[in-house]
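First the structure, then my questions, so here it is.
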Amino acid sequence: MLAGFDWDVIQRSLPYLFKEGMTFTLTLTALAMFFGIIFGTLLAMMRLSSFKALSLVAGAYVNLMRSVPLVLVIFWFYFLVPYIGAWILQQNEPVKVGAFLSSVITFTMFEAAYYCEIMRAGIQSIPRGQVWAGYALGLNYWQTMGNVVLPQAFRNMMPVLLTQTIILFQDTSLVYVLSITDFLGAASKVAQRDGRLVEMYLFVAVVYFIISYFLSYLVKRLQARIAVPGKL
Amino acid sequence: MRTFILPVVAALALAVAQPAAAQELTGTLKKIKDTGTITLGHRDTSIPFSYYDDKQQVVGYAMDICLRIVDAIKNELKLQKVDVKLNPVTSATRIPLMANGTIDLECGSTTNNLERQKQVAFTITHYVTANRYVAKKASKVDKLADLKGKTVVSTSGTTNLKWLTEENQKQNLGMNIVAAKDHAEAFLMVETGRAQAFFMDDILLYSLVANARNPGEWMIGSEAYTVEPYGIMLRREDPAFKKVVDNAVAQLYKSGQINPIYEKWFLKPVPPKGINLNVPMSPQFKKVVANPTDSGDPAAYQ
Amino acid sequence: MKYNWNWGIFWQPAADGSGTWLHYLLVGVVWTLATALAAWVIALAVGSVIGVMRTTPNRWAVRFGNGYVELFRNVPLLVQMFLWFFVLPEVVPQALGDWIKQMPPPWSAYFPAVLCLGFYTAARVAEQVRAGIQSLPRGQMMAATAVGFTLAQAYRHVVLPQAYRIILPPLTSEFLNIIKNSSVALTIGLLELTARARSMQEFTFQVFEAFTAATILYLLLNIVIVFGMRWVEKRLAVPGLIAVGGAPQAGH
């Protein structure tokens, strides 16, 4: 079984796989994480706000994103973002959005729903006394959130946020359905062109495993490190 | 306050009094002029029309024609240079991406037909091919009826898949039809034995077989099922842009410049494996070169 | 903006002649459910075994259970799908591989999809089962042993019934996840709901309509399942056994 393996094809395509494929995957993951957490935190604040309208809208958004498959969301955004862009910018022609930008938007919007739930739990885990203390000191809502609540919430939820990011890293492989060249897409192209499905897909699985496992190991170490003794 | 009025009015008057001679640019031409870029949609494995060579560069017959069109647009808009952006598309995504503005021209192997003209527009036909199937010689498939009850594959979003689905019903063939994401995947399905035949335009099939690991084990059906004229796609309801594109292609044909381009891709070795497809210009396409047409009606190509 | 709206498309005949486009999509819902349910059976069975293994005193069982979970959690679902569909037939003996490849669609896509989803979700179910078992007071296991149960009997009669009730809410999430993850099977040719919405979009060019219908159908599925599971929870609730609300977990 192993005799027929062509390890050469992996070696030959390494530059292409990593320079094109992995770069795309990692860039997409980093951007979606960054913007997703920002948008997710905003959504969490909206959900927890006392304005019914805001919390309803945010709640509906989060529930919608969590009820539909990511593949479907990818299709939605890929085909429809240009129309939405034109509607927002009041243009006649659809706005040109490339594959990369469309993917960043898709994953940001999708993951924001999950980051929102994490941040919401994080914010709610901060004792209300902190908020009252902030107000008592004369800080307004934004200052209290920005200087007192959110920093603590982030610190508490950091491991969960990072775990979600590892899941995001794995989910980026789904851009395959749009024939976009991420790491898996690049490997598929080589696999189909050279007829070496087994070698390439096994290689991809191993690389993803090593990276994900290593990252989760780092998260576990981080979790142990930032645990404050005595604090629940 | 009064000291401001005069300069403001003067500025407004100057702004409004544009030289009346300059034409109002609309649609795609305006977009290109404003942004200085044009986005070409290309394929990844439509050899030799639009594909990645072994250095991952996008090359092909349709790409060369498109680049000539871009030159013509550049001259028409009197721009120093136009930035050409490349956006990969598949059979399934090309029409939605054209409609939603992601690409301005689709340079590949897209069949021009009347139904598609409801969604997009086509310029002058750049190739005439036919729908056939490819199968392994060993499976002894000689005609469509041999595929009764078998598994066949075609590519998503193609006219071939549509024809196959309809024919399967009409003739009650009971075939299991699988839709692959792109040509390479479909060909692989037949290669690995998951499907018995792959229905696609014959020129694409010739290229796939020529570049296969063992060209000798493949056969392409002798029956041609439909006529497929290829056209470069552009957006509908943009007559100014279409005129420029049509003129560019017609010029290529009239001046004979199309001949060296055709030879380069069909009669000489092409990447990635340096294989010569050796397909001389068919009589149908020669007719189109003599009388350029962008018709979507197969009858116009008989 | 030149988009031709046509909500009447749903009542027009589908390209493969099986009925209207609406019917075409509904058949997709059936396939989604069929895949999800079959995979869920595997996930529950295997996941429970692995989850229990990780809580036993046997070191090797724990190691094996941990290894399984790590393996299936660190490889993306799509990659696993490809391994089951493309790689498996090539690495098993030739005759078996050929038989697998000869399977006509839709079974050629259905079985790999079910196996893939089943084993993938089993890893997550194992996590839930382990968490559920470990959240029980240690006294339960000790009491069971004191009364004379063997390890297996203790699990069967004391630990697991309580653990499952505790983890019913997260298990509901996992089932909803399987429904969503079944859409990944479109890459290997399974014509479930998302694949059919895509196919409808390709044939009719009605992008908005097709995807809106798919979205609504997924939402409806969600609602039905959430309410269904709540009813199951109520039926199975044991008075006095309070389920602890856990910290939010990452995941889809």
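A, B and C are the chain letters, set down in written order, and residue numbers restart from 1 in every chain.
One rule holds in what follows: contacts are C-beta pairs under 8 Å (C-beta built on N, C-alpha and C of every residue); 3 or more make two chains touch, one makes a residue touch a chain.
The structure presented is a predicted model; accordingly, all values stated were derived computationally and were not measured.
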item: Contact-richer chain pair [B-C vs A-B]; value: A-B
item: Chain whose Cα mean lies nearest the overall Cα mean; value: A
item: Averaged-CA centre spacing for the pair chain C and chain A, given as whole angstrom; value: 22
item: Distance from the mean Cα position of chain C to that of chain B, given in whole angstrom; value: 40
item: Gap in Å, rounded to a whole number, between the CA centres of chain B and chain A; value: 35
item: Touching two or more other chains - residue numbers and ranges from chain A; value: 79-80, 83, 86, 94, 177, 197
item: Residues of chain B engaged with two or more neighbouring chains; value: 96, 99, 181, 192
item: Residues of chain C whose C-beta touches two or more other chains; value: 3, 187, 198, 201, 207
item: Chain A-touching residues of chain B, taken from the complex the two chains share; value: 27-28, 31, 39, 44-45, 52, 56, 85, 87-90, 93, 96-97, 99-102, 181-182, 184-185, 188, 191-192, 213, 272
item: Residues of chain B defined as touching chain C within the complex; value: 92, 95-96, 99, 118-119, 151, 156-157, 162, 165-166, 168-169, 176-181, 192-194, 236-237
item: Partner chain B, residues of chain C touching it in the complex; value: 2-4, 15-17, 89, 98, 101-102, 104-105, 108, 187, 189, 198-199, 201-203, 205, 207
item: Chain A to chain B touching residues, read off their complex; value: 16, 20, 78-83, 86, 93-99, 177-181, 189, 192-193, 195, 197
item: Residues of chain C defined as touching chain A within the complex; value: 1, 3, 70-71, 73-80, 82-83, 86-87, 90-91, 176, 179-184, 186-187, 194, 197-198, 201, 207-208, 211, 214-215, 218-219, 222, 247-252
